[in-house]
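The structure is given below, and queries will be raised subsequently.
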Amino acid sequence: MRYENNGVRDLSIAYIGGGSRGWAWTFMTDLAMDGQLGGTISLYDIDREAAEHNRVIGNALTARKDTVGKWNYKTADSLKEALTGADFVVISILPGTFEEMRSDVHAPEKFGIYQSVGDTVGPGGFLRAMRTIPMYVEIARAIRENSPNAWVINYTNPMSVCVRTLYTVFPQIKAFGCCHEVFGTQKLLAAMLKDQKGIENATRQEIDISVTGINHFTWITKASCRGMDLFPLYRNFAKKHYETGFCENTDSNWMNDSFACAHRVKFDLFLRHGLIAAAGDRHLAEFLPSWYYLKDPETVRQWMFGLTTVDYRIQDLHKRLARSKRLLSGEEQFELKPSGEEGILLIKALLGLKDKISNVNLPNRGQVANLPLGTVVETNARFSRDSIAPVFSGSLPNDVLGLVMRHAVNQAGTVEAGLRKDRDFAFRVFQNDPRIALSVNDARQLFDLMVENTQKYLNWD
Amino acid sequence: MRYENNGVRDLSIAYIGGGSRGWAWTFMTDLAMDGQLGGTISLYDIDREAAEHNRVIGNALTARKDTVGKWNYKTADSLKEALTGADFVVISILPGTFEEMRSDVHAPEKFGIYQSVGDTVGPGGFLRAMRTIPMYVEIARAIRENSPNAWVINYTNPMSVCVRTLYTVFPQIKAFGCCHEVFGTQKLLAAMLKDQKGIENATRQEIDISVTGINHFTWITKASCRGMDLFPLYRNFAKKHYETGFCENTDSNWMNDSFACAHRVKFDLFLRHGLIAAAGDRHLAEFLPSWYYLKDPETVRQWMFGLTTVDYRIQDLHKRLARSKRLLSGEEQFELKPSGEEGILLIKALLGLKDKISNVNLPNRGQVANLPLGTVVETNARFSRDSIAPVFSGSLPNDVLGLVMRHAVNQAGTVEAGLRKDRDFAFRVFQNDPRIALSVNDARQLFDLMVENTQKYLNWD
Amino acid sequence: MRYENNGVRDLSIAYIGGGSRGWAWTFMTDLAMDGQLGGTISLYDIDREAAEHNRVIGNALTARKDTVGKWNYKTADSLKEALTGADFVVISILPGTFEEMRSDVHAPEKFGIYQSVGDTVGPGGFLRAMRTIPMYVEIARAIRENSPNAWVINYTNPMSVCVRTLYTVFPQIKAFGCCHEVFGTQKLLAAMLKDQKGIENATRQEIDISVTGINHFTWITKASCRGMDLFPLYRNFAKKHYETGFCENTDSNWMNDSFACAHRVKFDLFLRHGLIAAAGDRHLAEFLPSWYYLKDPETVRQWMFGLTTVDYRIQDLHKRLARSKRLLSGEEQFELKPSGEEGILLIKALLGLKDKISNVNLPNRGQVANLPLGTVVETNARFSRDSIAPVFSGSLPNDVLGLVMRHAVNQAGTVEAGLRKDRDFAFRVFQNDPRIALSVNDARQLFDLMVENTQKYLNWD
Amino acid sequence: MRYENNGVRDLSIAYIGGGSRGWAWTFMTDLAMDGQLGGTISLYDIDREAAEHNRVIGNALTARKDTVGKWNYKTADSLKEALTGADFVVISILPGTFEEMRSDVHAPEKFGIYQSVGDTVGPGGFLRAMRTIPMYVEIARAIRENSPNAWVINYTNPMSVCVRTLYTVFPQIKAFGCCHEVFGTQKLLAAMLKDQKGIENATRQEIDISVTGINHFTWITKASCRGMDLFPLYRNFAKKHYETGFCENTDSNWMNDSFACAHRVKFDLFLRHGLIAAAGDRHLAEFLPSWYYLKDPETVRQWMFGLTTVDYRIQDLHKRLARSKRLLSGEEQFELKPSGEEGILLIKALLGLKDKISNVNLPNRGQVANLPLGTVVETNARFSRDSIAPVFSGSLPNDVLGLVMRHAVNQAGTVEAGLRKDRDFAFRVFQNDPRIALSVNDARQLFDLMVENTQKYLNWD
């Protein structure tokens, strides 16, 4: 790569999971709108054809007159080919098929365990981790061999487990995990300013926050905007909308949209603990025992968030496949609208073009003072030229620590289980998840069933 | 005090809770049988009459020809009087009356929560802690003022919370907590040697163990006797007796005795986690969610341990009161039989008479590598002249850490709640206990009821 | 205080050492040029008259038409009066008179120890610390009593020792230490860009750095500007100017100016260790053994920096006293020119007006991974509304750690000595300073002499 | 191996450096006197003939009627052969020849640096480390491959560096370092009891101590015997003999014996710091700057310890070679007298035959609270069946920490330098040694000279 006119040319980016019909398109579009960067993107995917399609779609974007970020899209036949010479590596893969995901999300329902996402913690998150870890072992080794100095951006879930696996296999890796869940809560706080103070024009970026915790179970310990402390306002806001929920800031309604929520879980957690939980309610609920928010579908309805079904995800994929076809044929074009994601900004910060503070997932070196060192935690960090420096976020209060710590411990156990491939040990970690409030026999039945369902990705005895 | 003929004379011991009709008698008897020590014991108790009775009983022991340890028993009118000049302080108090204990143990039953002891963790342990902490604040301050260099031995439960409170209030205190639960497991291992290898004469003291964890939820990570690794033997032993339990080593049967057990919980934990849990099953069960061993009385019966009722404890007290009367009148005398407790041995080690390794409760300075610093943990320590040095016990495996860590975090929260006296914060910590698997409304009802029942010891708003 | 029109009014600032004729004037002038802030400044000084003069000078500034920051200056008769109600506290005091400073700087010369500043480490820094610590104990207690929630900004040297004393006495204090030494090195890097690349317009603020170490012995581990890595450039730069020194960026020449230097020490340290030392050479030299740069005046001349004499300081004070007179009478007015100091910017960041990254002195909570926790270290931190969050700076390389660690250990010992007032212990710490390469007898003679000279501020036995 | 009659048979011990004519003979003799152990010892040495001689000598010992420990001595042609199947590994090698040692010890004299041993720290210790580290890398790898579960006992100097290298290369290694220097100080304390209290029969084993620090620079922080605190006695003792030295307990006089001393250094350190330094004065002196005890030969004489010359060592070797010849021919036999070394006792403890507390060198996991984790430190540890558990020794006081910490940091740097083989980095670490009080040019000259002298063992560029 080379610096030129306050920009960087000839960048080399490897995109693992480059056939993606979600993140990849967002990323391509954001890049196309940014004139400071340019170079080559090497798409690697085990679905070779999907990567090939994205190559065509990407180069079409470059060919458009109204794009300023010009990239040359290629496909790669191997991890090695994709990674060699890379300055940045993006990882955004889908571990397994909808078949395995169906087991992750729905198999536990037979045992009375309902999941709103099933990709982070709980029985679904655990099994997904078991499938994902061996893939990440392979990726980490390939990076160590082929691009040890590249910056590696992970988008895959379970986020904490993926990032921890990378660091376990290759401790010198320059990897971090990006997630936009916190942004949603910043938007909620901006909406709150309108609701509480009539301030219409506050942007997400103006909501200054201190974030701490672990991915999808992050907590805002300080929030301000234009010098105002937002905590007293949020207390009123949470009380006002506690019963009915707050839906106004969302683009869509929680009843119709698997990804929406009315923030009742968030309000409840705030009224109990005094901190602002910073993720969608669907994610938050999964970190807590079933008797909190996920007891049964009726309870979930009362808390006003949706259970994402795999059927929904399949439907959604069909839509995206159809769209891919249209994009490939030129029948449709991407709209050049900023996604609101910060990936490109972080890359630019790492290139030294403009430093940035953002929330990020990294191994704990003390940025969360009372979680174990090595736990992948989510806090603010400062991104600058070839550097990500975590910003100290202090200690979690003891009551919230009680909720978060068990997931920190399980994170370590989950990665160990995925690496060891010891079925009994894996079961013991599985059983420590707060959602698995089952007798040991029931827990084992569920575990064995789910292992069976995802067996071909595990190759366990 | 002065050293003389390989012994120490003119020792001064303050006994807080000196009216005790259990520990105090054991302690007095052990002292009476040991000729190396002598001096004065100052008995302090809020039940002045009980202390007075023990003074008479103690001095009668000194007057006996067949005792070699001669002590002068006094009573003290205040903590200050008892502590001034003390070389050692023993604390063994009963926080509250049976009325409060009845609430601790039985109030949660209305919400389906059964407790086998109710004095350590769970709802009963938490409320007992709330009553106890203010007393320990007062004791710690009195020690800081009157005997800052004395060694302080705690026997009161909840052990970890008591010791942590002492160190929080007076960080330079030389305090430690003694508990005999681990000895019971050593005895079980000795009995196992007979069962498995036909070795009849192995003593508890020969069972060399490495202990780690927190009081009443300790784990043996290594055990040997005469060069033999006991873990393979214990695996066979646990399997052999898993279904039927093992009762032979106990003096009494679990069906008739509130304190006995058949070790099925211990065997179950071993078969799952590969470590030997080292406490009575009644204690162990309370650290785990209800669906493990304490779901309901029927489940408890299957696991073959008893629920200690408060009625039992009241009956037991009546027996001890009657015995006190007989001892006072001279109608009965203590039998001079070693108790098996190590308190006297530890005092002698601290006096430099003979060093000793024993398990002890102390703030974590790294002796348990993966529990938070400051957590009161139970590990081996070396006792020598004016010194207790913890022995490094390593890290708990991640699966067991998942069980122990939440109690470590709750320990910190419990002490904070007891010191802050903030009802809402206290509730949040209460709710994090793994036994309290209730909806927030039910949990709050239970909490408020139990606070009400013990209100006069709390003086909360 | 209240927020209004994107600014804050009715702020209350306590200025301890408010009679200062240096920092105070800079601070007043910077405030006068900033329209976002306003309120009251309470000047406290043991030299009551000096504070009174600054009150008049300050209010004259407020009365000027060309100032936009309007402040009401008062004097306070006691620490308590100054602190009560303060939102911010500034501490900038001179511990002792020139008489003591003369001893600090010059007494060691008899033993062949030459000092270029004598206020940080070495014999002079140590004795100055002994005088200063009791004053800071008093200040910390007064803050704890009267303004525990105020942000406290320290400018006094020895910086690390002052800040550490504040935190030792009142652990919850919100104090930090500000020092501009690092800015000088940023300016040098900007000048280097001209020298090496012909870039004329790079500003100090554009030089992005990662700072680590301890005050006056800080190290830049990463530096960039506009995407360029500055380290390769600095290597060439240091080699090019190694022999002759580099003087062009300084306002004055090292030969005529006690505060100037030709950066030869900095270049030498870079060529040896590969990191950019980030303070004036006069300060850096004092952290290293005498055989490096301060062997004798001739050696100092070869390294091209000046030994600040106390005579120079006295002359300088006379100039400032004369200027004070002119300011008081109105004969002279402050020029409204930004000082380049960041104090006001940091205050505004803490008020939530605009967040800022800057280097700052704080107790180590992991921001320097391999210095002991609690050491007052200097690293970047993020300043935002009511928050200073250290930014992680990683580990010092082992060779540089060897240079820095001994000062970290001595810092702890120095504060302990100042608090304990134990002459023998103090001597043992004194003797550990790398500049004191004397036989124990000589070291003790020097120590006793210096203690004698500053005795009235110590009240030691 | 197998347990039998309270002993262990068929043990397999690998002895690396098995041609040794010092340690090996001591070890063989101790084993021959102990009837609880038996098995095979595999001698490996790059001097094949020396190993062969020891094989013959060892088997002759086994053949004697008056020996009870019967061992079969073999030689091995490779590390792999020696290690395969080993239960224990003993490492006691001489890195380099007397030629290199002559450079280590005497080359620095040209620069005014006198060394009393030259094998631990200072210029000699550093160069010796550079030669030794590559050998230990090879050994660690061989152990990882061939006997990963064996216990590894190191006797080679520089002790800390050797042990740290083993753990750096193979973190799971079960290695520890044994050194008898501390025993000498225990003997001194026993002699003191005679001198001060007329107690004649106190044995070394009765002197109970708490040890902390790093090898050859260890400190006793508590010492007692039969309940007595030895510190007040030692204060009187040190004062009494400060000027004249104390020679009575040594077998030989410091004037005639390179290894003897009169303890004046020890007394001086005690009178300054209040802790008992626990190594021979020759070793202690090397950890301190030259102006303490090693300024020049005259100063050394005043402090009453000897400079061990290489000529002395060569003479000594000739004696041992002659003795080897006599032993080989049967002309001479070992006297069956206990050596006082604890190696055999530690092996028996690790076999579970009898637990033991002893001082040992291990990576710091918190046993010295204020030295960096990972530093190889010397403290007490408890040896029991298949376990070495460090005993916590607390924090060093800040003044002593100032002396020890710089060696802890240099230890890390030294191992890094030995692994990296980067000449410039190595020089930077070399220069941080407190004995190297030279201008950078002189230091570099000395360094380059010494590297040249030992070049064939380094293979540096």
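Points worth noting:
First chain written, first letter: the chains are A, B, C and D, and each begins at residue 1.
The rule is short, and it goes like this: a residue touches a chain if its C-beta (ideal position, glycine included) is under 8 Å from a C-beta of that chain, and two chains touch if they have at least 3 such contacts.
Remember, predicted model here, so these are calculated numbers, not experimental data.
The chains in contact with chain A and with chain C alike: there are none.
Set against the Cα centre of chain B, the chain with the most distant centre is C.
Taking the mean of the C-alpha atoms as each chain's centre, chain B and chain D sit 43 Å apart. Once the centre of each chain is set as its mean CA position, chain B and chain C turn out to be 53 Å apart. Annotation for chain C: no residues touch two or more other chains.
Of all possible chain pairings, those that touch are A-B, A-C, B-D, C-D. Against chain D, the residues of chain B that register as touching in their complex are 3, 6, 8, 208, 210, 222, 224, 226-229, 351-353, 355, 357, 365-367, 369, 380, 382, 384-387, 389-394. Chain contact summary for the complex, chain B toward chain A: residues 268, 272-273, 289, 291-292, 295, 370, 372, 398-399, 401-403, 405-406, 409-410, 412-413, 416, 425, 428-429, 432, 437-440.
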